[in-house]
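Okay, so subunit A shows up in both of these, paired with subunit B first and subunit C after.
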Partner chain A sequence: MTDETKSGLDAVDEGPVPSDAAGPTQVGVVPDPHSHPTVAALLERFGDAVYGHRIAAGDEHVVFADPARNLEILGFLRDDPDQRYDLLRDVTAVDYGGGRPLQVVYVLWSIPNRRSLRVKCELPLDALAIDSVVPLWQAANWLEREVYDLFGITFRGHPDLRRIMMPFDYAEGHPLRKDFPLRGRFSRAEQTRRALSQDVGRFYTEHDIEIGREPQELPRAGEETPGSET
Partner chain B sequence: MGLKLPGGGTSARSGGIFGAGSPTFLTSKIDYIVNWSRRSSLWPMPFGTACCAIEMMASAASNFDLSRFGMERMAFTPRQADVLICAGRVPYKLAPVLRRIWDQMPQPKWCVSMGACASSGGVFDVYSMVQGIDTVVPVDVYIPGCPPRPEALIYGLMMIQEKIREESLTQHAALRAEDPLLVARPNATDEEMTGLTGPFGNSTRQEKISAGVRVLPDRGSDDDLLP
Partner chain C sequence: MAQKTVEFTVGRNPEMGPGGTPVASPLAPFDVPEPDLDSEHMLINIGPQHPATHGVLRLLCELDGETLVDVTPHIGYLHSSFEKLGEYRTWNQIVPLTDRMDYLAPLIYNCAYVMAVEKLMGIEVTERCKVVRVILMEMDRIFGHLLWLGTTAIDVGAMTPFLYTFEERERIYQLHEALTGARITTSATRVGGMMADLPEGWIAQLEDFLSTFPKTLDECDRLLTNNGILIGRTQGVGAISAEEAVNYGLTGPNLRASGVPYDVRKDQPYYDYETYDFEVPVGEHGDSYDRYLCRMEEMRQSLRILRQAIDRLPEGPINVPDPNISLPSKTDCMSDMESMIHHFKLITQGIPAPEGDCYFAVEASKGELGMYLVAEEGGTKPVRWRIRPPSFVNIAAIGKLARGHLIADLIMINASLDIVLGEIDR
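Right after this comes the complex of A and B.
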């Protein structure tokens, strides 16, 4: 018995299909820029470097910015006394497929103003590099490593840019890209062989192990530490 | 009296355990003694990576109390453990860790694959996930479930006990042989692992389900399945 109807399982067999190349990547409602005070300030100060403004998912304001000036714009958002986006909630990336540019997404939160903003920078597939924001927010360190690992975007000036999720010797590419096959590029046998040939002892650097030791050196409650007598 | 002394039992002095004139010692099969002691003190090495580990913890806690069956103590070092309980999904990055723990465990040792993900990859038929830990380490008992109930884990461990009961010291060399060359090598052949990449990909090799119609080979009547 055969059937001609295609199902999701056939799609698994066939592998990934490129998405429709047409269609916008700036999705959402185009609002009045003055609906968000930060967007108005950004347009006033970096008019030509701000490419667009959308509202997504109800009330999330998204600003599309020039990737060449991301440090300048994000530094302004962090340091300007009217903005003060001092919490970097997330750095991630989006691949819409079909050869469209990858988007690096910065999710910001201003603790004093209780305001949220997303900044997106679009990177063409042949130039996947952007300045690291670790000098602005230390929280970006591992987040950018994750984006580098899973999307293959290079962050210039990152202090320690290496894989964080996948094995360090992973040779199949960057798994969250739309052109990556669901089951990876190698056969299961090759993947298992490669996995078992990893040197477990080299998973962690000396520095990582030192971080793990630190809490044991903290003084316990009620215990006198050297130098605390004075 | 079922107990016989080698040589007739008449040489035993009086004052034996069954009264005057009875033997002062018991005979039994050494297999029975060894297997009894092994199966009555199975120390598990927990390797919990996901939600199955929660059920494993519940099994060890007072409500289910694994130690009633001789799993007296969770051994958090592989060198003092008898049975490896792999509870949860194992990504390829963790596969060498699992294999090293297995290689570090001294013989005799057994392995329990707890849950759908450890046994077959489960729903995670993706680039990062080991499709059944039997491609990495030899597995004695597979426990189905997502996650299995603590009763299922206890039942699986009791199946290990049954397996130990059947062992004989004369088979020990064959059962417990380890080749140092196979340390950190996959436990499955290339053909077996390639076979995992079916429509569902996992080691249960389920039939393809397409558009709601199950495509099965023509197998005649159901009576063929009966013994």
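Right after this comes the complex of A and C.
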């Protein structure tokens, strides 16, 4: 199909074009760090590991943290008696396209202090791995699985890092990345072929199958079940 | 495996008179020892097509006898990749995607999305629009809770509350229809205002609902709250402590039932919620019964907010009077050159956003609903649109809640979490 004949829904395949000129990923107003008590404490304690502070959308404080020390920094935010960010509202990721680093975004909320903070960790495209925060918050379990599934970021130490939205054997990649076309990588025919040749076993993990087989392999009394004579 | 052989002596009981006085049934006691089943675990799939999972949710249960050793929810059957689709649509074109996520309370999603876009762009909506959106969101909170109440009652075997609640839901459907023309897929909001102002007589229709709905709610209350079956099925079932509930990220009534008074309307008020007089019901034990009580009370509090909002509903324009944001009226479009140009620019290009990102949360009927938006300078489409779905995080805790309970309790625990699969899978 040539470009001239593309119309209707086919045209959306062109979608958002990632900008070639890699723009900044840290945007927003650079404020005084003392405008947010947590940011001041973070800068004092972690120094260089917290390397950016922005205000987004008027009143939202965003902190950029070293991805190698995310567990340490988030653990401090959760456990320090002055911070107590006990509710992990969200874990997600952002792909700006154009070869810029992917951002892992942690949205935190402190129920006792009624305070919000967003922590971002930037991961270069050739090293998409970061420590899992499941040891800190169980809420991160599925949220990180979703980021892994849709962005391809590996969470080290995650107890159950499997695809969650897409099928376990999905082979087309990670859909929310900017280089992923809207309709998938495979042709419609190939997608249909794969859907029709599904193996039921893929709906179970290895652990599940192990449990499911056990009772059937147990010896039955006398081996005389009806119909077994034939 | 030992075969159980039990002999029953079934015959006509001579003690049974013609009047039919029941006596002790002649059941023979069986003394076959229970086989040791400790090492035998069984896998059972509940769903994906099962009425008690409230959607296409598949619960993979590992059972020891009737006791749940583990529950693994499998999701994704409804996955439509709304977030990816959003990246290919202008800000206003995304609105129809939002009500397809929580189709049980669609207006809350419509409002939450445009509120996030307005925060990102720094748009302040008109006073009338604020109050109208509060009315719509509280109305749909009742709408969502009513569905939960009816289906939960069915799950424990009570048919009547289901009929009562769906009758009331039908009246809210009619309110939806009068306002938007659609019953479920409302798409009622636009960036900077609403698709249309409230039609004539709509408030009177809502007031009619408000005047008679409390009676139905009281009837359901009388049918269920002190009902021995409901209490037996829910008290102590699926309990979670306050600390764990926060750690698992539960929000909404599921968190408040554990005693944590976290409500976005109180903690991060939007649309002047701090000036409305309402209370946040909080449970004590964190079990299914407390979740039930919290939602019942929340409906009453929503009624209070609705009455206050109707009283303070101001006159005036509903859309922001800015031609770069709101569409001009059709009459202006046809007669005025400038309005036509604005219309053309808005339809073909969309509204340009400033560079930045924004996380905005509202209290939806299921819990905290967050919208995270990322935009590039002048972008008329989002770079990233992320929904923080309350049901997704809540259902992730079902393994923790159900472990050690009987398989029959799993149905109640699942019902008490109040999930909607359209939003979990997105």
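Couple of notes before you dig in:
FYI, the second predicted complex is superposed on the first by the 181 of 230 C-alpha atoms of A that agree within 3 Å, B and C clash if a C-alpha of one lies under 4 Å from a C-alpha of the other, contacts with A are read in each partner's own complex, and residues count from 1 in each chain.
What we mean here is this: a residue touches a chain if its C-beta (ideal position, glycine included) is under 8 Å from a C-beta of that chain, and two chains touch if they have at least 3 such contacts.
The model shown is predicted, which means the values in this text are computed figures rather than measured ones.
Residue contacts after overlaying the shared chain place A:Arg114 against subunit C, while subunit B stays out of touching range. Contact with both subunit B and subunit C is seen for A:Pro167 once the two complexes are overlaid on the shared chain.
When the two complexes are superposed, the chain touching more residues of subunit A, out of subunit B and subunit C, is C.
Once the two complexes are overlaid on the shared chain, A:Gly58 sits against subunit C while remaining clear of subunit B. Touch criterion met: A:Leu87 reaches subunit C, while subunit B stays clear of it. By the touch criterion defined above, A:Trp142 lies against subunit C but remains apart from subunit B after alignment on the C-alpha atoms of chain A. Look at A:Val105: by the touch rule set out above, it reaches subunit C but stays clear of subunit B. Of the two partner chains placed by superposition, subunit B and subunit C are both touched by A:Leu182. The interface of subunit A with subunit B overlaps its interface with subunit C at residues 12, 165-167, 175, 180, 182. Residues of subunit A that touch subunit B in their complex: 1-3, 5-7, 9-10, 12-13, 165-167, 172, 175, 180-184, 187-189, 191-200. In the complex of the two chains, the subunit B residues touching subunit A come out as 92-93, 95-97, 99-100, 125-128, 130-131, 135-136, 184-186, 188, 190, 193-194, 196-197, 199-201, 208-211, 213, 215. Across the interface of their complex, subunit C is touched by residues 12, 15-16, 19, 23, 27-28, 56-58, 60, 62, 86-90, 92, 94-97, 105, 107, 109, 111, 114, 116, 118, 137-143, 146, 150, 163-167, 175-176, 180, 182, 203-204, 208, 211-212, 214-215, 218-221 of subunit A. Touching subunit A in their complex are the following residues of subunit C: 1-3, 39-43, 58, 60, 62, 72, 74-76, 79, 81, 83-85, 87-88, 119-120, 122, 244, 246-249, 251, 260, 262, 267-268, 355-361, 368, 370, 372, 374, 376, 381, 383-384, 386, 388, 392-393, 396-397, 400, 425-426.
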